[in-house]
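Chains here go by letter, A, B, C, D and E, matching the order in which they are written, and residues are numbered from 1 within each.
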């Protein structure tokens, strides 16, 4: 029992963070139909930026986060401006390749500044042991869940309510037509990349806090794929469901079955889901009408 | 081959259907032949070994391009299929004692079958969803390879005995040279097969599926069948590449077939040129040589920029990433397109536009 | 080009009204090499309907793209000449800003947002405006069919339905100048009549200025006050719609079979005739 | 203009002219809430130009999609007739239930089509697009294609001959090697017609082949269609909104409205039918508000 | 020069002696790979400034291979072509991958990988292990656990899911089964790319494990420490070689306190006699000796031992060829590392290339590695 609870909550925490990471990914896809292979590196940059402020410059947490946000926004804008805008109108797969190149580049840059070693960072989230139904849970997990939940809801609402939601989908559907109704494609692109970077930043900080500040953080980028596909590439609620599902299932598998299997189980689930629902759980069906 | 010839008139459809038609093409072909014949004499073992790796990559890249570039089914599963080819051939050759040519042939078939199986989702999935599904197949295949003790007799890796069939044997002294000839011939055959494929109906139906699958169905193309065939043919090539890797490097373990490999191959065909056999070749060569060149450059740069010296590895990766980005921004349609433009330029030279 | 062709250089000035839009001798080039508009000049008077006719590939759509700032997204650019809207030069202005300034284009081939519902398409159309609500009602009033389909996914609409949606979306921006690229494309006769009726009505009631490209020359010239005819990137003929309707060449090539064109049946049409051209 | 005699007949219909070729029988089609077709029935006779007209959203394209198997009607049946003269069964009438077949099988039965908004293989050349029209008549073994020399090559050449005739007929010589994506709209429409012809269809379905053309180009396209019909003897189902054309060249007209068949008959009858006028044509040369 | 062993120009004459180094500086194991590489280069620098070997300089050609096997192979071929007389490798994956090649090319090969596979000259004639094999380290760990926790204690072995991680697992099981120790024994593969190991731990818990033996790199290991602390489970971590180091301590922070580290290579801070040279060198370089952990020391000694082999060969007046160096290493007798590696004495023989079996055992006490057993034998 306690084990189950325990696994469940850790799974939730992972899932929530994954969902955050995936959210940025989905935003980019929604607006630009680009798959961003550099999402993992966005996490990395986020984590290290914060580390720099918090540990190296000894700034208070809040300031650290603010700086982080600024950096993230800048990163998003720069990437959009320098790398993706020139590619507007090119085949998606070439653009995907560019993001792959980008991931290599960012990773290398972080490495140049911080090397390959682990960096010690004092706990950001307080972590008093909380006991739930006989399981002892470190408080930081619960907080992580909370924070992720807040950020996710805020962003979700932002996109349902504000006109940017529709603007993004329009751009994704038909850039030219979007221009003719007065939507600035560039701004939408920049915005989605910036937001993606910000959500990645938060995910990165949380991740770094519950694990450690080192290059392994980037490897979470890969986990994003099963998450987004599960939920549907272009669905924000989907990412949340996807994130939580993957988080919990992997946790349970490594808890009750072969831990090594936990690495692939997300992909197995993914394939099964896709065979039943080719566009993920909430994904939008691509329209092919003649 | 894509260059539009000027002042060239065909007297028969047959002549028009040839691969090399214009004088210019024959000349280029001639030069290329000379170059290829000269290589083993001018290059030392190290560079020859890189050429050999490139030749294997050519086979694999063509395979991937058939699927991604020509049929429009993005695949991140390359690494997994390479693994299938490699293990199959090795196990058949070294444990079942099959002669290597046969073991390689059966590796091709087995991989084709496996590829077709993992292609099944492609019947329902489109675009990026399929891409991720193939990513899944990569991870799953690799997991199986990793866990299935029988494959490696529990050692995690397999030694491959030196290539030897019907009296022919690779000698240690001339290792790279002998392999060069073998790989060169195979690569050329692979290119020819691919080219033939796409000047005949079957290949065209792949491209039709890529451009407009509904219309394809409406003119009588069995889309499902076309996709699966594409997966099979493509995986066949990839399996061949895998088998060659195994016999050439003489030891295999799953660590050789990770996702990075899949991505590297994707880079080859995109940088080379999607939907172009020539592009696959350029791309394979380019991506194989790039890191080597970059390292050289990095060391050189490190020479007078000591702070870089400390950062060499990171610097190398940075440059690698940067090259890919810049390259695609400048020419998203790949090396092949650049080459075509050059040829056109001289084709029309001195008259432009 | 032959002598009687319209002078390309200085902007042609139609009869009444101060010009709202003026294209002054513009050249448009795609991919740095494909020269499509070769010194095209036209002007659209405030409150009038102007028709732009011409055969396929003449450069009509390109003209509208140049006016609405879409060229950059197709690797095209205005290499010389200028576009002025109510006196100010908008040659280099971004497409979205042009919309804000009241120029709105309804592209050739519909270009609805396939994955959005009809309603969302319209809302997107009012991106630059606050007063979405009443605009929508207005559009629904013009196109009742859209009102019935408001919650359907645009991508699944029939060709004609999409065309209506596209026009409606363009209206959502409450433009001062509405540019329509082949609005009757794929529309049933009744609807064509209706749409041109609506255009005329918009023009009459809210004084909307319209620049319309149309293959169906007869319909276009019926509603338009003024017309331009272009061939290969140049204006080759212009005049009031009545003048044009009288012009024998226009009759032959644009008004076609079954009426002024002279021939009574397609079966009589001589085989692939060599065409007389203005240039 | 067409000096050389054609060796290949472009029509593969085995049904003698005037007899039923295609029967649409009480076909109904729904998309969720939308009722696109309500038990539509009519017959297309061999050797005719049979037009389908109707307001936008009436279900014309959907109907075509049902015939070519892209949509599956919930009710009703679409039957195609053929006389199996050559193959076994000697001259017996064979009936194929199209609505139970996948699109590619239907195409093999000789039903070819063009689309409302051009659906060509944009990256391929005109020639490749037309050769793809031959797909159903070619054999595609991986081995033969891989080897090329021998059967593969012979087959390519054989089929190329017929394709060249189509190129002639439709005056596409100048564009053979151009990628269709870069062609002018009017020409693309022609290529699409050509691709359909290369199937040697028994029945040719055309969805608004003249949309977006000016009077002149329409005359040409009409001419091409008439040629295909008269010279090649292909039976045609035509969707078109230009009444001049429709009433002029078609031998039979069916009218759809809100998915229902509201009229069916000779152009002149249909033209006169008040329901058609009310639903579709509108009063002749309607008064347009002249400011 | 064709593939043949070091029979090139470098073999004779008195030019510098080229040694190829295949290092992981940017890859999955770059965290330990980097100091390891620094250690080797430091040694070369030191020996050269001390006049080299028999008057000849050592020339270390070091390149990053990012823990990617194909890159390792490419580097190897390059070194082969540059007529190196010996190669310094790194990971298990690539060491295995190159094993047959080095045998064919007759190039002595020392690496950071200590899987028992490599210790048998019959299997891999040119690989030399300068530390107790991962299996020996496992045995040491198990012995320690038995005497500290008493017989019948439950042990959970968490290992990297790769040849590297798996290599000691089976031998550990044997050690238990053969009754050498009386312990409960279960092994679990650690998934990569997860943010916690709670799953594994709860399995270990249900097994009733009191000890967690980890065969992996530092960062996952420290993650395990964090997770144990977070749920304040009553488990003690025992790290082998690659996580038994300062990186683990940094990563784990307080959670690492009290963990046991089976580390053959004493960090400089342990200040064994054998550390003298290193200290001298580092101080002269103006670096803080105590900042150098085991990985660095290991690198230094890996190079030291290889060079000793070379020295002996030259002293014997033999050509500097692979076979000769191999023979030297096998026959030259003991190399005393002054207590830095395990008990201190490394000695190879034609029968075995496992140079030593003993390892040091440390405990983490307020952020320091404190030695609790010297040269513990399996």
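Brief remarks follow.
Just so we're on the same page, a contact is a pair of C-beta atoms (placed from the backbone, for glycine too) under 8 Å apart; a residue touches a chain by one contact, two chains touch by 3 or more.
In this text the structure is predicted, and so the values were computed from the model without any measurement.
Here the chain-to-chain distance from chain D to chain E, counted in touching steps, is 2. Looking at the partners of chain A and chain E together, the chains they share are B. The greatest centre-to-centre distance from chain B, using averaged C-alpha positions, is reached by C.
C-beta contact counts were set side by side for B-E and C-D; C-D has more. Averaging C-alpha coordinates per chain places the centre of chain C 76 Å away from that of chain E.
Inter-chain spacing, taken between the CA centroids of chain B and chain C, is 49 Å. The mean-CA centres of chain B and chain D are about 41 angstrom from one another, to the nearest whole unit. Between chain A and chain C, the centres computed from C-alpha atoms are 44 Å apart.
Residues of chain A in contact with at least two other chains: 108, 111, 222, 260-261, 263, 290.
Residue positions 25-26, 30, 161 of chain E each touch two or more of the other chains.
Each of the following residues of chain C touches two or more other chains: 156.
Those residues of chain C that touch chain A in the complex are listed here as 68-70, 73-75, 94-96, 99-100, 104-107, 111-116, 120, 123-128, 153, 155-156, 169-170, 172-173.
Every residue of chain A that touches chain B in the complex is listed here, in rising order: 29, 35, 83, 86-87, 90-94, 97-98, 100-109, 111-112, 222, 225-226, 228-229, 233, 260-261, 263-264, 267-268, 270-271, 274-275, 278-280, 283, 286, 288, 290.
Listed in rising order, the residues of chain B touching chain A in the complex are 68, 74, 121, 124-129, 131-133, 135-137, 139-140, 143, 147, 213-215, 218, 259, 263, 266-267, 270-271, 274, 311, 313-318, 320-325, 328-329, 332-333. On the chain E side of its complex with chain A, the touching residues are 25-26, 30-31, 33-34, 161, 188-200, 202-203, 205-206, 218-220, 222-223, 226, 230-232, 247, 250-251, 253. The touching residues of chain B, when paired with chain E in their complex, are 44-46, 49-50, 53, 146, 154-157, 159, 172-176, 249-251, 253, 255-256, 260-261, 291-292, 295, 312-314, 316-317.
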